[in-house]
Amino acid sequence: MTDEKSALSVPPSVQGVDRNLDTSSHSAAIDVRNLNFYYGDLQVLFDVSLKVPERSVTALIGPSGCGKSTFLRTLNRMNDLIDGTRCTGECFVESQNIMDPDVDVVLLRKHVGMVFQKSTPFPKSIFDNVAYGPRVAGERNRAVLADLVESCLRKAALWDEVSDRLHTSAMALSGGQQQRLCIARTLATQPKIILMDEPASALDPASTDRIENLIGELCASYTIVIVTHNMQQASRVSHQTAFFFKGRLVEVGPTMKIFTSPGEKRTEDYITGRFG
Amino acid sequence: MSEFVDQPAVSFRQGTDTLLRRRLLNAKVFRTVCMLLTYSSLAVLGVLMGSVLWSSLSRLAPDFLTNHYSMNPVRCGILAGLWGSFWLVLLTAAMSIPIGVGSAVYLEEMAADNFLVRLIRINLSNLAGVPSIVYGILGLSAFRPLMISLQTFFDGTRAINVLGLFRVRILHLEIFDGSVLIGAMTMSLVILPIVIIASQEALRAVPSSIRVASLALGATRWQTIWRQVIPAALPGIATGVILAVSRAIGEAAPIMMIGVLTVASMCPGGIETPLQLLQDPISVIAVPFDQFTAMPVEIYDWSKQPDPQDRFTDVAAAGIVVLLGVLLIINAAAMIVRARAGRRIQW
Amino acid sequence: MSDWFSAKKNRRHETVIRTGLFVCAALSVLTTGAIVYVLLSNAVYAPGDKTAFFERVTVTEFLTSTQWKPVEGDRGRFGIWPLLSGTMMVALISSLVSIPAGLGAAIYMTEYAGPRERQFLKPMLELLAGIPSVVFGFFALKFVTPWLLKPVLGLLNLDVSIFNSLSAGIVVGVMVTPLIASLSEDVIRSVPRSLREAAHALGSTKFDVSMKVVVPAALSGILASFLLAFSRAVGETMAVAIAAGGNPVMAMNPLKGSQTMTGFMVHASTGDSAADSISRMSMYAVGITLFLLTLLINLISGWILRRYREEYQ
């Protein structure tokens, strides 16, 4: 690639994220092989293969409609909720192919959690929101639940703000607080992998900052895959970045490399803003 | 990377987690329960229709439609009820449709948002929930005296001067208690909220782009409404009207309050066949002021016969079959009309 | 130039039409006013030389006496409770039938049924809703009582009379089930999809999503539909008049006949009694009670529904 391209100012990373990480030494928490995805007759993902290393953050970037959200949702089989979808290929999580019809998606989703773009707190109390996952899974012990709720709220950096009003309605929280509540709620099912679909796009810059710092803290214990249309965010927050375009995985590699010297021209064009 | 305590490998295979197995079983049971509850209502519907039909078979014959009431169940027919219901519903529709659609047009298209209009809207939703028998009380207490005073006017002894040239005698009308007119006025009030609310929804569904386009072409408010909005909302309005008319045919409580005949061997205006109507059309004038009975009322009377031999059970069942048949025909015709009208309008 | 002149005529034309339509709309207010006036003037205070009901019978007796025998003279008893308890019994039994059936149908149609199944179920329920109440009354008297209640209760050694409140309650319950089903279905459907997705993503079964997230979120709307159905059952006349008979009793025994407020009103208007007699006047007293009761329930239901809409808009 030409050296005289405009100096891409890559913003500093979030604390805890080493963007030059050589991921080949890590075991893969998610191993996707030759994934094709169809909405009815329309094919939206073409032969995608991707490895997501354990306890790292992988960012999926690309222009709108490129299939990154669809790809994310296949990782916890959320696309099953939509009629007429099908996929071929394999996706290995915990050494099991989750595309296998023998897989119970309820168990899968306890292990692979998801945070959505629009925060969706249940119209219940803060405590009941976080405790929902464990309760539904069968946990009845009140002491265990209370401990779990506290630890998850702490991990989501929300405990200090709500510890005195755990039993008030979650709908009264601000947008940023609600999103952190949704993160705490996801953590409560004790997943190993957390999927995030544009988690901060509906938030103000200060809240976005907090979420990004949170990601930096969480990746020490969880594998995180985050879809974002905000390239600065992707470059700040992830170890590995994957660029999607029109349903195909164009390029994947360590974040620093992708943003400073991408291998593919399409990647470079997208990052420098020539399209998308 | 911080220390991460290795947990035992998780399995996603179905059936490995016993707690989950129980949850999924519960989920299946719940689904089955909901399905049973849903189809049980339909099963009751089926049993209802089946039992009524089976019970009516012995009396279901063409002469059931052409005979008058008779103490002998084998000969008892629903002729009076058929004609009575017909005139009642005709008059009711004639009164309630213009007023109802007009009110809806006003509330949706022309009303300002002031206190009076808000009062009207609140009032409308309350009226929709008032039991129909209360309207019967209104008919009994308000419309009957009205009819009595009308009666004194139409007593045949008055005459009016027309242009000072000649006198015209005002005819003598025998206005009976419990006349078709009072019944229709009462029934109109019962179904008015239905007509208004359904028409409102139909008008609301018309896209505002139509109105804007029409006004931009120089049409007045009313022209827009009359030429564009109402025709576009017509299928929805028609559906609401059909729904209301179906209610009117089946309701007995309000007209029982105003003195409808429970047992009658006469048809309003003395008209007993369509041929008679064609031969003597002037007799229609007497119809609104005549006494009448209606199908649901006759069915009520036949059902209540306390005789242990259930002699009139079959007659009641046959009456129900006729009533439901009429409803079916009306609703089917409405569906056809709606489909045809809907085809012409495609947003 | 001629356009300008016709414009003026148009405007006058418009005003006339506008006024005419306003009158139509205002008619509904007039109706309510007339209902209130008629009920009040015959029950509470009558202008002129008529005497209203509560001018002859004390409110205390009306609300506390347990006998209802609206005849002239010393033998007359005017306690509303027999009629009220008759109405309540039928309405409560109908709720026991309609709430599970209606809510179950609503949940099944929104969460489980496929689109083709739904296309079949919805018209069927509308059909059920369109059947006149005399038909249900007939069904209760001639089939539910002899072929369902008598055999089943006979097994338990219980005796059920021909006219009974149980059969009336059951058929009224069937009658109002479509009301609960369609209203509940609307509110359940309006729960945002994102809420369901979030619940699924946390490892819920379909049962968890329906009963632990969606239904609780729609609860106030669902409750409002229960209240509306109850109010419909209170106001139901013909089916109950046929199935439950015409004998006002105080004891709440669903296996025996009773008379409801509505049943009495029909009876009182079809009987031969002078317009001024106490038995005719008592009809208005019962009427005003019925009107106020249904109005109260409808207002509460409407208030709950409005509060629910605010939460989600």
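Read from first to last, the chains carry the letters A, B and C; within each, the first residue is number 1.
In the analysis below, a residue touches a chain if its C-beta (ideal position, glycine included) is under 8 Å from a C-beta of that chain, and two chains touch if they have at least 3 such contacts.
No experiment lies behind these values; they were computed from the predicted model shown.
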| item | value |
| --- | --- |
| Topology of the chain contact graph, where touching chains are joined (line, ring, star, complete, other) | complete |
| Farthest-lying chain, centroid of Cα atoms versus that of subunit A | B |
| Subunit A and subunit B: spacing of chain centres that average the CA atoms, whole Å | 56 |
| Cα-centroid distance, subunit A relative to subunit C, in whole angstrom | 51 |
| Geometric centre distance via CA averages, subunit C-subunit B, whole Å | 17 |
| Subunit B: positions in contact with at least two other chains | 23-24 |
| Contacts with two or more other chains, residues of subunit A listed in rising order | 106-108, 136-137 |
| Where subunit C touches two or more other chains at once, by residue number | 205, 208 |
| Of subunit C, residues touching subunit B in the complex | 10-11, 13-14, 17-18, 20-22, 24-29, 31-32, 34-35, 38-39, 42, 100-101, 103-105, 107-109, 111-113, 121, 124-125, 127-128, 130-139, 141-143, 174, 177-178, 181, 205-208, 210-211, 228, 231, 234-238, 241-242, 262, 265-266, 269-270, 283-284, 287, 290-291, 294-295, 298-299, 302 |
| Subunit C contact footprint on subunit B (complex, rising order) | 23-24, 26-27, 30-31, 33-38, 40-42, 44-45, 47-48, 51-52, 55, 98-100, 102-103, 105-107, 110-111, 116-117, 119-120, 123-127, 129-138, 140-142, 189, 192-193, 196, 220-222, 246, 249-253, 256-259, 262, 296, 299-300, 303-304, 310, 313, 316-317, 320, 323-324, 327, 331 |
| Complex interface listing, subunit A residues touching subunit C | 76, 78, 81, 106-110, 113-114, 116, 118, 120, 122-124, 132-133, 136-137, 171, 182, 185-186, 189 |
| Interface residues, subunit C side, partner subunit A - complex | 192, 194-195, 197-205, 208, 212-213, 216-217, 311 |
| Complex contact set, residues of subunit A against subunit B | 55, 93-96, 98, 102-104, 106-108, 111, 136-138, 192, 220-221 |
